[in-house]
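Worksheet: the structure to be examined is printed underneath.
Labels run A, B, C and D following the written order; every chain starts at residue 1.
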Amino acid sequence: MCAATPAPNFTFGSDNTAGICPEAWAGLTEANAGCVASYGDDPFTTKAKARIRELFQTDCEVFFVFNGTAANSLALAACCRSPFTRVICHDYSHIDTDECGAPELFTGGAKLTALSGPNGKLQPAAVEGALHLGHGVHFPKPAALSLTQSTEWGTLYTADELRALTSLAHANGLAVHMDGARFANAVEASHLSPADLTWRAGVDVLSFGGTKNGMQTAEAVVFFNHDLARDFEYRVKQGGQLASKMRYAGGQWLAMLRDGAWLRHAAHANAMARRLADAIRQIPSLQFIVEPQVNALFVEMPPAVYAALTARGWQFYRFIGENGYRLMCSWATTEAEVDAFVADLRATAR
Amino acid sequence: MCAATPAPNFTFGSDNTAGICPEAWAGLTEANAGCVASYGDDPFTTKAKARIRELFQTDCEVFFVFNGTAANSLALAACCRSPFTRVICHDYSHIDTDECGAPELFTGGAKLTALSGPNGKLQPAAVEGALHLGHGVHFPKPAALSLTQSTEWGTLYTADELRALTSLAHANGLAVHMDGARFANAVEASHLSPADLTWRAGVDVLSFGGTKNGMQTAEAVVFFNHDLARDFEYRVKQGGQLASKMRYAGGQWLAMLRDGAWLRHAAHANAMARRLADAIRQIPSLQFIVEPQVNALFVEMPPAVYAALTARGWQFYRFIGENGYRLMCSWATTEAEVDAFVADLRATAR
Amino acid sequence: MCAATPAPNFTFGSDNTAGICPEAWAGLTEANAGCVASYGDDPFTTKAKARIRELFQTDCEVFFVFNGTAANSLALAACCRSPFTRVICHDYSHIDTDECGAPELFTGGAKLTALSGPNGKLQPAAVEGALHLGHGVHFPKPAALSLTQSTEWGTLYTADELRALTSLAHANGLAVHMDGARFANAVEASHLSPADLTWRAGVDVLSFGGTKNGMQTAEAVVFFNHDLARDFEYRVKQGGQLASKMRYAGGQWLAMLRDGAWLRHAAHANAMARRLADAIRQIPSLQFIVEPQVNALFVEMPPAVYAALTARGWQFYRFIGENGYRLMCSWATTEAEVDAFVADLRATAR
Amino acid sequence: MCAATPAPNFTFGSDNTAGICPEAWAGLTEANAGCVASYGDDPFTTKAKARIRELFQTDCEVFFVFNGTAANSLALAACCRSPFTRVICHDYSHIDTDECGAPELFTGGAKLTALSGPNGKLQPAAVEGALHLGHGVHFPKPAALSLTQSTEWGTLYTADELRALTSLAHANGLAVHMDGARFANAVEASHLSPADLTWRAGVDVLSFGGTKNGMQTAEAVVFFNHDLARDFEYRVKQGGQLASKMRYAGGQWLAMLRDGAWLRHAAHANAMARRLADAIRQIPSLQFIVEPQVNALFVEMPPAVYAALTARGWQFYRFIGENGYRLMCSWATTEAEVDAFVADLRATAR
């Protein structure tokens, strides 16, 4: 008699396998009342933008789009303005590895110069070198530096590291974009303010992630540099990213920011990752590829262990090298799930 | 002492000023349970696609995107495949007048040949003429015909009219796209099946509107022509339209199709428009620009009447000519709202 | 025994059916000596650019590209900078009717708003109206006005007419492009200086035609507005328009400008057109559609006359309406050719 | 008293610093007679295309464009058809390093996957790996393999090597493009026929270089795969690459192919490179980075030697690593120039 296949469990697969968190859900509910003006001229959107400006303690310009690919690509298009340009980024950056050429599409043909760097972080020397690739007009002109915070390796740039990179970029005429799909996790873990991690550190435009924080189709693009924001509303519309019922983006953001839910959820995800990390450290056959700082763990895991976990229903992905797996926690991950996973880990790894 | 300004009332402004309908809300709720695979590999999305195939009684291919602009533009890009092409459309088509060049962006530079036609409908003779514009390679090659059903003027193509146009298109090598932002209203008002109004009438790809039917960020692109659908999943991703939490699109569509809510809401919107139309017919100073067939009325209205209604808070827009206003009903429009509007109309128009 | 078919004669078909004029040929010859630096770092190119600056009596920036489509499209891309924009132009403009969507391609998806206007000329009122098409972000933002001088109808804008249009454009934030495929003919016929017809009249960037003036693959893009010229060298390269052996463009321009050949050839073409026009005026069955001002005649011609001329080998094209034919003279057209054509005309038309 | 600076000598800087060769010049002269139809409907163009078909012993489709960047980029756009695609190429390929993102522009946003490989050549194992980069729709779909023959390192793929790569490409649904900017040099040095080096080896489309072979603004795009060639004439026009006076491209190609001048010039350039190589081999302080096979030498040269040669007027460029310089010979390079350079080399290097 054959054993039942366990239901697949996507908990640690990504932070986008979780649903809408209660606060965002409440925001949706509040926004779902009566008729309001469409395309962002509603009170939810207006208030949410004001609230984001308060959060960043500056008069930034805020736009809502549907997902992270769009937030990043439209922001980069605004930075580049022309197709004969280059974006310098890390070779593990989402814009290069996981957006199917969306930045290339929305810029009309810009190139990404993807650089390696330890722990998922760009280093000034590498960026410096990349600025001078090619000879004159025969190679695209560098126009933007894109940084991911927290990084795709689950690490953090310090404010000093950010400043070193953004100064170099600005000194060479590049705009600085930050992919903040997990910006909340970065703010929470760094104990720095949103302002300190962005405009005070030289960031011109931030993709402020909502989805992985517990929302749905509600990413914010936040411009600290007003020149870059010029006409961005047209870009959003032409890019197929202007919601007619934008109230739901506004409503979710309002609710998430109102009582600090955005940070609370990030703190929870980060804490679950720490709980999982603490357990993993006790298992000699598993190694961290990089010391975790936020809600993602990257673990070197013997193939047999991965196979055994998969057989028990756990779904997560290989990410770095041949046996480097990513384990991701979210606002929805429970201690019980962590503990169940750890139990299965202990049963298979030694 | 100055009078209080009435709160603006967007009820008749558009069918996207209403919120999420109860059934779609239920769909969201059902989808919001636990962790599921992202990017469409979840059971809600899978079932919704199957349900749409049943609805159309054919093995069509279904993709979910965020809004109508994206649905139309990506579908047209799939029809055109190349930037040296043309899309033939009505000069009141949304793709030409209200999408800020999104079709041009996503095709990489195709041109729209916008033709006038009575009652918002294209006529074969005009399309025939448009096929032969320009001389050879000096003018873009016609690649697609785009039809809107129901039209931007609130009218309907009959199945025979559709067939006449689609035959002409196919005979000349053009693919046929249907902008069905209000496809539900068209199905309900025409008493024809979804299949009869699309693939049986020669439509290759349909933008199947969810938003105006009561959903949120959940439009479907339905390909009846499998060749055109090839690799469309890449186009969706690169276009910034792949939802990580796609379960919410799937969940809403499932719920809307399950018990016929999609048609019921369209029927309601159409009925509210009829109720409003019947009242307007009694007011001699108001004329219909076109005989209404679905949920939109186009009314020639003296400026003073418009001004008076605006002063009472009603928000709706000029659309055709100098004094042609559009009044739109939705799933959410109530008889009481219609009656209140009619009362104000009667008070100001004679 | 059947009659011999006469060899086709393309003389009046276009001003690009003629070859390279003697002066341009001399320029090619001079440039064809020894090894020189490529991509424009050669003395011919440098001197030609300086000579063009002298011609325009201002510090303009000059770039050479291969043909008029590229000159126009790249110049417009520089004016628009973004894909969510519009170019306002005449509905007989070459950019709209004869460049297969090249402006759309090189701008990444901008739209052309093509306006009718008498005698091939745009009128301020029409442009004014076109500025305000669409509502907000739902329609592309007007970014450039494109004027053709001399026009596609063989007419001329006066300096006052230019100024009225360019002031309107600038007041609304639009850049002004001039398609000068036949700029030489316009300068000669208007008795105005190159400066008066361009920057003094508010033109920001000129496509200065070489081909129709007697050269080969050598159009100049001349920026009077330095902001628009920023990084244009990258655009030229990425657009596939940077000649490695640019010396031949430089050499031709140098030779054409050195002794006034460019104006002499334009004067000749204009004079041949006048000679032809004078003869046509004597033939009652032929009517001018528009009073000719440069080297093109637009003649309403009975179909039988056109058929008879074609049978005698003359190749020219229908251009306006059902029986409106274009007859074009070039630097190479001879009095004998004009007289032979007139003789055939007289033999067939009355 | 300061010494006179020697005139710069560009002979070895590139094979595009030379002018138009006598046979191409004769072709220009022959084409420069009378009025002919424009845009390629002239006898020179027609005959030249027929002659190229004979050369390749197959019914290929031929298009003329202005330069190599355009030939490559338009050919790749024809291979890719869609912007969500990838081109696999060598990391020294001209399309990646020297075309300022033109392939990205003309494809509308495709990505180049640039791979390292010894001696400037791609290896099947590397290509195999590159086919499987990324996960599903999150990374662009591989659509084309681009090979350079002769390579940017002055080496040659053997027919067997080509077949191994093209079979792999075809087995995975990729089209194969060959950048043949120096195709003549490759044919001559390999002692293989044009057919053997292209379609018999699995090449779908060739950029057949004219410029570096002695012509001006006359590259050919040769499609062996007719499906890929569909509508390419529109792509050429929209891409700003359709010459109105195409007769000059046709005339040059006709003259170059008529008496074998194209191969003779390649043979000369290759021979001059061998002469130079033989001399360099005698100088112990100079090393070849790669064994030369055609008209380019890559030499590791002490900085002092480079400085001394520059001081004597020789202009050539660093290309590989810190001290790897490229010396290029062309149809115009003379034995005397080689010997003079060698003399200067011997005077400075030991």
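Definition applied: a residue touches a chain if its C-beta (ideal position, glycine included) is under 8 Å from a C-beta of that chain, and two chains touch if they have at least 3 such contacts.
All figures in this text were calculated on a predicted structure; none of them were measured in a lab.
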Exercise for the section: Can you give the shortest number of steps from chain B to chain D, where adjacent chains in the path must touch? Expected result: 1
Exercise for the section: For the pairs B-C and C-D, output the one whose chains share more C-beta pairs in contact. Expected result: C-D
Fill in the blank from the handout: Chain centres from averaged Cα atoms put chain C and chain D apart, in whole Å, by 33
Practice task
Measure off the straight-line distance from the CA centroid of chain B to the CA centroid of chain C, and report it in whole Å.
Solution key: 42
Fill in the blank from the handout: Flagged in chain C as touching 2+ other chains are 83-85, 99-101, 105-106, 108-109, 137-138, 140, 234, 237-238, 242
Problem - Of all residues in chain B, those that touch chain D in their complex - result: 39, 81-85, 108-109, 137-138, 140-141, 231, 233-238, 242
Completion exercise
Interface with chain C, chain D side, in the complex: residues 8-11, 13-14, 16-20, 25, 28, 31-38, 65-70, 73-74, 99-102, 105-106, 211, 216-217, 234, 237-245, 247-248, 315, 332
Handout entry: Residue numbers on chain D that touch chain A, as the complex places them
Key = 83-86, 97-101, 104-112, 134-135, 137-140, 317
